[in-house]
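There's a structure below that I have some questions on.
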């Protein structure tokens, strides 16, 4: 059941995402004793025009 | 008010999505007695490089 | 894979939610040819103090 | 901490989004006394084929 | 259509939330020319045991 | 920027959540070279009456 949604800046390689979802799944399974098959991870990449911190688009920083 | 967000693998036709949102809206209205106008459905399609099950990207399965 | 998140006003019975998730899952499977086992539905109920339409809390309507 | 996710129809200019995130952040900070640095806004734009109201895709309206 | 989801620490008063959703809705309408009736805001409050920054639960800071 | 939202069944201890968010944050930082301060994790716990797999509420399984 654990559903993980990650919103992050675009630009990571497939290899980085591959390793990230593997390690996140392991982190959840090993700390909450749930089977890996129960874990779904959704990765959403956004451009700098679509994310703002402190009221400023990251593309304007 | 019911807001429905669906994250799914990319690749469905517009016709499939048209029928899906129609039937999901009917399912909610008929079981919770809310008017169809209150229901919003957002469909997000993701590539196999952006979804992982059991720690493995779907593109690697 | 289809992950469905539904945000709705609190107050539905377990029976209504039971029927709703069943029919939503069938709607998705029958229109997108995916197996029922792939579908996860998360239902989040919110109070009228936590939902606003047209800038007004539903509890103030 | 306030994390704001906005799902909206595609088509706004960068200038509109720039102004929108600035004013949303100010709205949150001024009403809940949190510092602007704590606020993250994620803007997701969707096509008319990916949003439905009252069971009908916005592209079919 | 704009759907706004805000995740924030619990503890704000109803009056703060009332004012916040009003001003957020105005911010979106005035910058993207959409009618207030189209805007839905969902506020989710979380405890300090359910939010982490830099890998540390806010309740442990 | 990475914002992580985790929806999971209720029932984990604070200690489990403490360890989980720590390890998830490390997993993201070490695979995508982002600073820990940039990572926010939101944990949402749901009852078995609010999660369905294959069209059946987990409370009915």
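Letters are used for the chains, namely A, B, C, D, E and F, taken in the order the chains are written, and counting of residues starts over at 1 for each.
As a convention for this text, contacts are C-beta pairs under 8 Å (C-beta built on N, C-alpha and C of every residue); 3 or more make two chains touch, one makes a residue touch a chain.
A quick map from chain label to UniProt name: A, B, C, D, E, F = Tautomerase.
Note that the structure is predicted; figures quoted are calculated from it, not measured.
**Q** Tell me which of C-E, D-E or E-F has the interface of B-C again, with more than half the contact pairs shared?
**A** Selected from C-E, D-E or E-F as the counterpart of B-C: D-E.
**Q** Quick check: more C-beta contact pairs in A-F or A-C?
**A** Looking at contacts between chains, A-F has the larger number.
**Q** Would you kindly tell me how far, in whole Å, the mean C-alpha position of chain F lies from that of chain C?
**A** About 20 Å separates the centre of chain C from that of chain F.
**Q** Where the CA atoms of chain B average out and where those of chain E average out, how many Å apart are those spots?
**A** Spacing between the chain centres: roughly 24 Å.
**Q** Indicate the residues of chain C shared as contacts by at least two other chains.
**A** Chain C, residues with two or more chain partners: 1, 3, 5, 7, 24, 26, 40, 42, 44, 51, 53.
**Q** Looking at the complex, which residues from chain B come into contact with chain D?
**A** Touching chain D: residues 5, 14, 17-18, 21-22, 24-26, 36-37, 39-45 of chain B.
**Q** Could you pull out which chain C residues touch chain A in their complex?
**A** For this pair, the touching residues of chain C are 1, 3, 40, 42.
**Q** Spell out the residues on chain F that touch chain C in their complex, using ranges where they run on.
**A** Residues 7, 44, 46, 49-57, 59-60 of chain F touch chain C in their complex.
**Q** Which positions of chain F touch chain A when the two form their complex?
**A** By the definition above, chain F touches chain A via 1-9, 12, 16, 19-20, 23-24, 26-28, 30-32, 34, 51, 53, 58.
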